[in-house]
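Next up: some structures, all given as structure tokens.
Here chain A shows up in two complexes: once beside chain B, once beside chain C.
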Partner chain A sequence: MTTAAARGDGRAAFAYLLPTGLILLGLMGYPLYQLIMISLFDYGQEQVSGGAPLEFLGLGHYTQQLTDPKFWTVFGQTVGFAGVCVLGTLVFGAALAVLATRVRPWARNTLFLAAMSAWSTPAVAGSTIWLFLFDTNFGFVNEVLGIQGFSWTFDRWLAFGLVAAQVIWCSFPFVMVTLYAGIKAIPGEVIEAAALDGAGAIRTARSVILPLLRPLLIVVTIQSVIWDFKVFTQIYIMTGGGGIAGRNLVLNVYAYQQAFAASDYGLGATIGVVMTVLLLIITLGYLRALRRTGEPL
Partner chain B sequence: MRKITIVAAGLAVALLTGCAPVTGGSGEGADERTGTVRVWLFDEVNRAPKEAVVKEAIAEFQQAHSGVTVDVQYIPIQTRAERFKAAFSDQQSAPDVAEFGNTDLAGYVAGGGFAELDLSSWNEAKDLLPTLADTGKVNGTTYGVPWYVGTRALYYRTDVFGELGVQPPATLADIAPLARRIRAAKPDMLGISAGGKYTYAAMPFVWAQGGELATRSGDKYTAAIDSPQAKAGLSQYTELIKDDICPPATCAGNSGEASVEAFRAGKAAMVIGGDFNRRSVDASSVAGRYGIVPLPGKATGSIAPAFAGGNLLGVLKGTRHRTLATEFTELLGGKKYQRKMFEAMGNMPAFGDVQRGLATENPVIEPFVKTLNADTRFVPITPSWAKIDAQLVLPTLIQEVATGSGTVDAATKKAADAMNSAFGS
Partner chain C sequence: MKGRAVAETVTVLIAAVVAFPLYWMLLTAVKPEAEVITANPRPWTLSPSLDSFVRTLTVQNFGRYFLNSLFVALVVVVLSLLVAFLAATALTRFRFRGRTTLLVMLLVVQMVPVEALTIPLFFMMKSVRDVAPAFGLNHLGSLVLVHLAFSLPFAIWMLRGFVAAVPVELEEAATLDGASRFRFLWQILFPLVAPGLVATSVLSFIHAWNDFLFAKTFIISAAENQTLPLALQVFVKPDQNDWGAIMAGSTLMTIPVLIFFILVQRRLVAGLAGAVKA
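On to the complex of A and B.
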């Protein structure tokens, strides 16, 4: 009797999940399947338009990529760049969220308005505007600093830093808004209770606010990791397609340059699959690390 | 358990329905004698004069062929690759005739996009400059008629040269010392605006030294960019992207366009520029204060072989109006309209006799005509070149040497490996 009821529940649950499942499968599963399929073939423009026969390469593209030192250089750069961007976004976003809870409404509204306009600026426009600001000869920044003729995009690390600043500028508002909402949602009684127990501001932040914000922090961190790992527009526009001699390449731009612009879709798909797998590993690793600290997810 | 069964079943279905990525069919077209001939031409910043000439050609064509209309669509140059790829994959949406860059030809032909052109009954074909006609051929078969050609020469500032009492360089080796001298005298000025991404300015140096980008044996190309001659040429070009001529921080990231822009802004004493840049330079601050000479070669009095860039007109493979499309190509690509296009847009015709005629009327284009008639070269005609181009192999090579992050030997070796790997695939 109980098992029959459980089975009935299971069926009902399955029926409820089915529509979402089908949509997810269609929108995400099928493209992923196609991506993996394409990565196993020598699949270029000639093959797409039927000018040349398909050739099955198996894991050929994978061994080619994974043994290419250039790929690992770019991979290292991507991880480092994404790491800096994630950290910067979180620190900046969290600091401003805390600030927003402490200031008068007019200041908070101004801050939010400024953040929202940064957030809503399209990446292409934002990158171009930053480039104008930091232009070697006519840029506002160089004019203010009195260093006309100084190139911000020539030096490898300076160029990376400039792009990272742009990425942080357009992605911190999400973190700020989310954390601000989280902080506001903490009941006043909890803070009050902590204060009555003799906890100072730092102790309250560490032992009360942070644990309560944890689920939100996890979400914004994972989001940021995924976004920043996949940065394309900013690097492509601000460093002119990957910097002098390709020294500012990140994986997405690299995949575009090596494969998609060159109509070698098989190779591009391979880099796409490798990136997906790496992102999954990073995310899973992060979740595991969290679980080990005893947080139920 | 049940979940696993469902997932497995789903996977099995997916695998059965598509075991390989999609490929298109490459059906041959038809030869209808009436209907609409669709044409794709490149959109340009100032399109009106081009459009007027094209309209005239269409009127002439429609008059000669009753029941035929010609429908022209102007496509943006930046997204041309996507447009053409889509057209090749879906022939229903493809035009009958199209303008396209000659460096794209090999890739488009391998992609099954363009049809063989039979020009045997077209008597103007024999007057096309042979090296230019070759840019419309793949493995000896003609797929495109050169509609116009873009060639580069050396622009220099007559006022600056006069002030310093110097003459335009007589050999390639003269350029660096001359440019250095000018920058020493005028520290705000680039001796010569040489871009790290300006490959078409670097290629003449390689060719003039007797080097090649790649050599061909049979139907296979092998990179030759690491030969001693090619290295000599590359060293000579990258020597220009140094602090005492054209500082890497300013110049290493520059494309051809940006290099010419510096000259237009009055910030450079010399630049390698195209005949197609002439109008924009005339509309800039240096108008009337510049001269043009052919880029000198290795020996005094010689001209460095120039890159024969340009656009072709061709007929798409899936066309349903093969004869009409070919005839329209011959009309628009013929002497009459190439001459009109020169008058309208400044595009250099590909016919030797038309060029010479125009040069006597317009002495300013003489350096370009001289260059074209001396020697022009082209990039390897293989679909792999598009890949090498997209992977920025040559710009990376130039930038590595110019910024000192790699030696000429190491950088050319790397570039040659990348090229060979593209040729091999």
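On to the complex of A and C.
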């Protein structure tokens, strides 16, 4: 390639990327910068309306949060909730992917169609449907179990469990379909060779299939971690904005409530920054794992 | 094959459980009200009616919210396709410095918790309202802007593979035939990546269509500009829930996505798993 052509390429590339660059800088880059700025100030309703001067706090919000037991409770709940969701999604998705390889196409297609319907249900609609299924007075689940009048969202851990079940319901299909495709991509000869060498089903699964699926497993795991760490809609709708007295808060909802319900935008932004940093760390791990699988960018 | 019969029975049972919530939604939507608000709901109905749909569309003005959601999602789809197509072409067809860095940044940007950005974006849209009301708070334009930005990185990422699959020789042949770069781009490459454009637009559509958080944050006092997810929340009143209408509304919200999803499911899976050719 000549230098002139390369320069032409560079110019054209710049022109083609300009709209994307402007949009992302304006609507993601700048807000991200603003988020950090807001977190450094005492920024509440009075400051917004101009009734009080802006006060620079520096890292004040951060030290306040990191020494606040409430923050650590919410943090722990976020990690625990995401952990349960990730584990449930992976186990359920992987088990069904294996099951799908053992049945004839009609049964597999039935399962995939059902999974697609769960996957595609908008989070708002899905949360509402689950709420109704588990409704205290009119819910079908209580009717079947014969416990009319029982509230599934009153107890803190039961409420978390219900939301987690809903999240797993709509996120396991991604894992199942991806892993199914991965298993299918393993050449039959490899498994036959293992069988010829005298490996049993469990040995084959552990020593042949699992290592081959490793890259895929890493991707679905980290994707799930990132998604489940950020769950907002389900918690917000199913627990009515974070549960009774905020018992069911996770970081995302906590940040939102601090900002828009308590009008403490500075504090909300601080929690937002903490979340962003945590996800950035997870993402860097993701990129490293991806590079190790040898996928060229 | 006794083992297979057992496996198939289990598979179908699980499929039934997984699909049950959606079945319950549809069923409740067509049940007469007396069969919905009861302590002994039955998993079937002998007298289906469309009353709940009528209530949803007339009393609750759901048609309006449906159109609002549709408007936002379609504008986002068209704009993000055009912008993402250009970017994907640049990232696959041209060699230039910083290309790999840009690709990594695209991946990183997808992980930013957009929920955290509601706070600065809220104030931004508040200022925008003073300059260009149609793109500020309480107007659908504000939703178009943020969803355009949030769906772009993934759209570019996904389109990249489809653009790369078009042979470079084709471009050389077109250039030899005297086609300008512009003509090649829009008259040859654009139609060729149509399957990728379809898959990408479906994802952008769903992304904008499903949004609850930004609609809730930006459309604060303009009821006429609400979108579906928020309208659905309006029904949920603590004391007396009209579950029939809520489920009818959920159905109206879910059906378009369901249809799109089934149409592109194979490409969708390929696109999502694209980053990991095992």
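Keep this in mind: the second predicted complex is superposed on the first by the 232 of 297 C-alpha atoms of A that agree within 3 Å, B and C clash if a C-alpha of one lies under 4 Å from a C-alpha of the other, contacts with A are read in each partner's own complex, and residues count from 1 in each chain.
Keep in mind that, in the parts below, contacts are C-beta pairs under 8 Å (C-beta built on N, C-alpha and C of every residue); 3 or more make two chains touch, one makes a residue touch a chain.
The model shown is predicted, which means the values in this text are computed figures rather than measured ones.
Of the two partner chains, chain B is the only one touched by A:261; chain C is not. Of the two partner chains placed around the shared chain by superposition, chain C is the only one that A:125 touches, whereas chain B remains out of contact.
In the superposed pair of complexes, A:47 makes contact with chain B only, with no contact to chain C.
Using the contact criterion defined above for the overlaid structures, shared-chain residue A:237 touches chain C, although it does not reach chain B. Looking at the shared chain after the overlay, A:34 reaches both chain B and chain C. Applying the stated contact rule after C-alpha superposition, one finds that A:91 touches neither chain B nor chain C.
Of the two partners chain B and chain C, more residues of chain A are touched by C.
Contacts of A:247 after superposition: chain B is touched, whereas chain C is not reached. Under the contact criterion defined above, the residues of chain A that touch both chain B in one complex and chain C in the other are 30, 34, 38, 48. Taken together, the chain A residues at the contact with chain C in this complex read 1, 6, 9-10, 12-14, 16-17, 19-20, 23-24, 26-28, 30-32, 34-35, 38, 48, 96, 99-100, 102-104, 107-108, 110-111, 113-126, 128-130, 132-133, 135, 137-140, 143, 148, 169, 174, 177-178, 181-182, 185, 212-213, 215-216, 219, 226, 229-230, 232-233, 236-237, 252, 255-256, 259-260, 265, 268-269, 271-273, 275-276, 279-280, 282-283, 286-287, 290, 293, 295, 297.
Across the interface of their complex, chain B is touched by residues 25, 30, 33-34, 37-38, 41-52, 54, 56, 136, 149-151, 153-154, 240-247, 257-258, 261-264 of chain A.
Listing the residues of chain B that touch chain A in their complex gives 10, 14, 18, 20-26, 81, 85, 88-89, 107, 110-113, 196-197, 248-250, 252-253, 383, 386-387, 389-392, 395-396, 399-400, 403, 405-406, 422, 425.
Put simply, chain C touches chain A in their complex at residues 3-4, 7-8, 10-12, 14-16, 18-19, 21-22, 24-25, 28, 36-41, 43, 82-84, 86-87, 89-91, 94-97, 99-100, 102-104, 107-109, 111-113, 115-124, 145-146, 148-150, 152-153, 156, 181, 206, 209-210, 212-213, 217, 228-229, 232-233, 236, 241, 243, 246-247, 250, 253-254, 257-258, 260-262, 265, 269, 272-273, 275-278.
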